[in-house]
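Have a look at the structure below before the remarks.
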Amino acid sequence: MMENDKNILAATLGTLNLKNPAIAASGTYGYGTEYSDFCPADDWGAVILKSVSEKPRDGNPPPRCCEVEGGMINSIGLANVGMEKFLSEKMQEFRKKHEKAVCIASIAGESLAEFEKLSERINESGKIDAVEINISCPNVSKGGMHFGSDPQSAAEVIASCRRNTSLPLLAKISPAAGSPVDVARACADSGADIIVAVNTIPGMKIDIEKGKPVLGNIFGGLSGPAIYPAALRIAFLIHRALPEIPLIGCGGIDSADTALQFIMAGCSAFQIGTATFRNPECLYTILDNIRIFMQKKGYKSVKDAVGIAAEY
Amino acid sequence: MMENDKNILAATLGTLNLKNPAIAASGTYGYGTEYSDFCPADDWGAVILKSVSEKPRDGNPPPRCCEVEGGMINSIGLANVGMEKFLSEKMQEFRKKHEKAVCIASIAGESLAEFEKLSERINESGKIDAVEINISCPNVSKGGMHFGSDPQSAAEVIASCRRNTSLPLLAKISPAAGSPVDVARACADSGADIIVAVNTIPGMKIDIEKGKPVLGNIFGGLSGPAIYPAALRIAFLIHRALPEIPLIGCGGIDSADTALQFIMAGCSAFQIGTATFRNPECLYTILDNIRIFMQKKGYKSVKDAVGIAAEY
Amino acid sequence: MKTRETGQILSNKRIAENLFELKIKLPEIAAMAQPGNFITILPPAESGRYLRRPFSISGKGDNFITLVIRGIGKTTDSLALLREKTCLDVIGPLGNSYPKISGNIWMIGGGTGIASVLFLSSMRKTAGLKNDRILWAGQTKDALPDIYKHPVAIDYSTDDGSKGEKGNAAMVLEKWLKRDKPDAVAACGPHGMMKAVKEIAAEHGIETWLSLEEFMACGVGACAGCAVKLESGGYEKVCDDGPVFRSDRIVL
Amino acid sequence: MKTRETGQILSNKRIAENLFELKIKLPEIAAMAQPGNFITILPPAESGRYLRRPFSISGKGDNFITLVIRGIGKTTDSLALLREKTCLDVIGPLGNSYPKISGNIWMIGGGTGIASVLFLSSMRKTAGLKNDRILWAGQTKDALPDIYKHPVAIDYSTDDGSKGEKGNAAMVLEKWLKRDKPDAVAACGPHGMMKAVKEIAAEHGIETWLSLEEFMACGVGACAGCAVKLESGGYEKVCDDGPVFRSDRIVL
């Protein structure tokens, strides 16, 4: 690979520079070391670790996952080790193995106060390159309504985090919001540096033999190729409404084709989640095929393809 | 088939009695005769014809359809012959071939006034058994916002139609509404007799070779198996919130398994759309397998299975 | 009448680079098939595709039809690998057909567009109409197999001149028109070719029939998904009003 | 170390009603595999399934592993039809393994749960441990093939008594326990059986190891999707902390 070939894949998200546009999605890449035998953190543009809350969380009762046409539904319920152990153990282990990888922490609170503490702790840790705000969390003070479901509560979360960290802030939008574009705008206005579109789509499955929902939690989040057209539309609309803010696509990406669709819709980078479960080495195939496509089309850089389909 | 076997499949939706719970979805069954060689209207519980507007509509520029993982996206743009021709030609043709089939007209207006006229004309026609209100239409007076996107404007549409027809009214909910349950409740409160959940999920696809959206209209509606978990969740939530109102499931049903999931979530009947494109005789396979399942489980009637998964 | 029939593959022959001819036992469909008609096939499970795929009928016998298919995606690549005796779920015959024309026709097939042209020409030959010409246009010779047994001789053209005349279909048509003029033209091929043929037809005032391709969801006129724009405004359905249209009626 | 390896099917034998044994050439995985480990397979395209499917390793040789699989859905039904030489995308070995136990073990396999038991028993036999017993429990004789060549004799039981002892696995275990007591029990099978074995183990105070099955998304500990509840509160991951757990640690 020649030097300029390498640069073909480089991606820029505001102040964040990535060697390639592929980012491991939160919740699908553990604490950054589980997949090291297949797609180590160093090979990704960045990796986003499992969303972490202040206290450890057990998560939802099993079954927590099931397969559906074109993907899966999960209701992990934000099972995580909690901020203390995350910083003292998980991040240590991660940095021991992957010193230079770009590492993004994801934080998930149930109150503004929790988000404030989380962002503060991440900021102080010194080991993390950016922080993604998982606003698709139940807001305990609003009866479990997700922070991400309306622009105002999303803005409040982002603003709380912004006050507590100087790290690049990623706001991850839920596709279930009435108007994801308004939520994205509110996040941008409240200090988010980067928008991520999108998280999972709410869904469920019923086991007809048992006559009851498959998941212990009844509902879960749909991910995988089945959701990419819906995710792509939201990314496209956000880019059209907010062309200046760096955008990351997410939802069902499992090929260079789908990744490039998000890029052409206006995403400077993209996340891969469920596809890693299917093929933990898909990262390489996707990047190789993007490179080949770029060369075939005569692009010097992926950056030149960002948003080209958005003029329509 | 013994007489009591026949009754296994009978479905009741308020005052509407269907011989089986399978209904052809609007827009996928033309004006009711196009599929007569494969799955004639008489064999369905009911058929819903293409949504009709007051004036003929050309529809959107092509391409109007494309395939995606687990389904398709369409942006037909409500191309239809208009109410006059619908009643004077299409309904005549339909009734000539299928005198006794249960036939539901679908109406789509761009203003309350149009909905009023449409429901009035349908009511007078005397050939139609019920009317489905497609509230996922752009509301011209609100800058193209869909009537179905918020409870209040949905309620206004239903109320306008209610005043003008004594036929059973079906309100077809859009999954893109911020809160589909609130929309369903508003429809029920405004006079809808039956709720249909759901219409297509907004989505898009980009042709990376051309660097532009595949569909002439950029955006379209996602349908097929990919959407069933999202559709099922909405049906489940509506049934939980409004257990009394008859509910029809729709979205990605293409097997007895998925049909039964909707039934167990609380739907008294279900619609089949995209699956008919794939296999125009799927109706029979689905009904046969539902019957076999019911017999295996010892149910005397599909009605006994309605909502059994909703207690959880 | 259209029907759904399960047909065994009688043969699956690779006839050129990435091009194959499928012969499928489908007695009912074969009995009804007319040139211009197409069928839809349920994609093989391994393709992962959901919707049926349309293919023009390229010929028929007593109990079978033939198709000429290029592997360009998941369904077509899967079909290319199917062995004899595999069964396919087929619906047809669908769409309208070429009109009866008693004079001579020049037929132009671009790529797999040759399929309906082959069917039309052999049926006309059987009916005793002998003065037709066929042009099969492709990019290079790799795309164009020799079809010796066809009842009407086939002329070839390639963009790079590697087989037959050099030039695209429109250029060859223009050249032919310098010496002669047919009673009608029938053409099927890529969008650019069809556009050019339409213009040439208008210029020379030749009755021209185009067989169009558009993505199809239902294939039977039920969804309005396969629209083609009309010169007179509005749209018609390629699957049901077409696929064969008079060139002066449609906007390309 | 776990690895992703593409392996050719060396043989695919139907061994009972809807049950088959796959032998796959996977030298790297075979070299590392320990009893209790599982692998995940990418579903064949024609199955339409997306996520990898986990299967216990039932045995190994120099350069291959074996699996015992029941056709119960799209992936497993597709696997049943694969021919020799077909390649599979396999990841493994995954999960923990049965602990080293120097005394004798009674092993119980319910249905395909026999797989890890077969592996464990043959490895122990090779290591010179000779006093193990194996029970393979099924509903009827159709589910239970004779496996003559296995180094440890297999006892059978069926719910209807059509093969071996009549009764379910738990009943047979209770019966055995009336006459003797092993140093440990190892069991793998359906949920009901595991629950019963756990209770019997507690009652009789026998060290018991259960190999669990739970739907898996990643199979490598990255998603927390395969939770099993702990007696001490909270959850562990079946794919990573398991699949083998001491029966007194988990809630079933």
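Lettered A, B, C and D in written order, each chain numbered from 1.
In the analysis below, a residue touches a chain if its C-beta (ideal position, glycine included) is under 8 Å from a C-beta of that chain, and two chains touch if they have at least 3 such contacts.
All figures in this text were calculated on a predicted structure; none of them were measured in a lab.
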If a chain touches chain A and chain D alike, it appears here: none
Reference chain A; chain at largest CA-centroid distance: C
Inter-chain centre distance, chain B versus chain D - centres from mean C-alpha coordinates, in Å: 46
Length of the line joining the C-alpha centres of chain A and chain B, rounded to whole Å: 34
Chain D, residues touching no fewer than two other chains: 48
Shared-contact residues (touching 2 or more other chains) in chain A: 69-71, 225
Topology of the chain contact graph, where touching chains are joined (line, ring, star, complete, other): ring
Chains that touch, pairwise: A-B, A-D, B-C, C-D
Residues of chain D that touch chain C when the two form their complex: 44-48
Residues of chain A that touch chain D when the two form their complex: 27-30, 34-35, 37-38, 50, 58-59, 61-67, 69-72, 74, 76, 79, 224-225, 274, 276-281
Residues of chain C defined as touching chain B within the complex: 1-4, 42, 48-52, 89, 91, 214-229, 233-235, 240
Residues on chain A engaged by chain B in the complex (per definition of touch): 68-71, 73, 149-150, 177-179, 201-206, 208, 211-213, 218-219, 222, 225-230, 232-233, 236, 252, 257, 260-261, 264-265, 293, 305, 308-309, 311-312
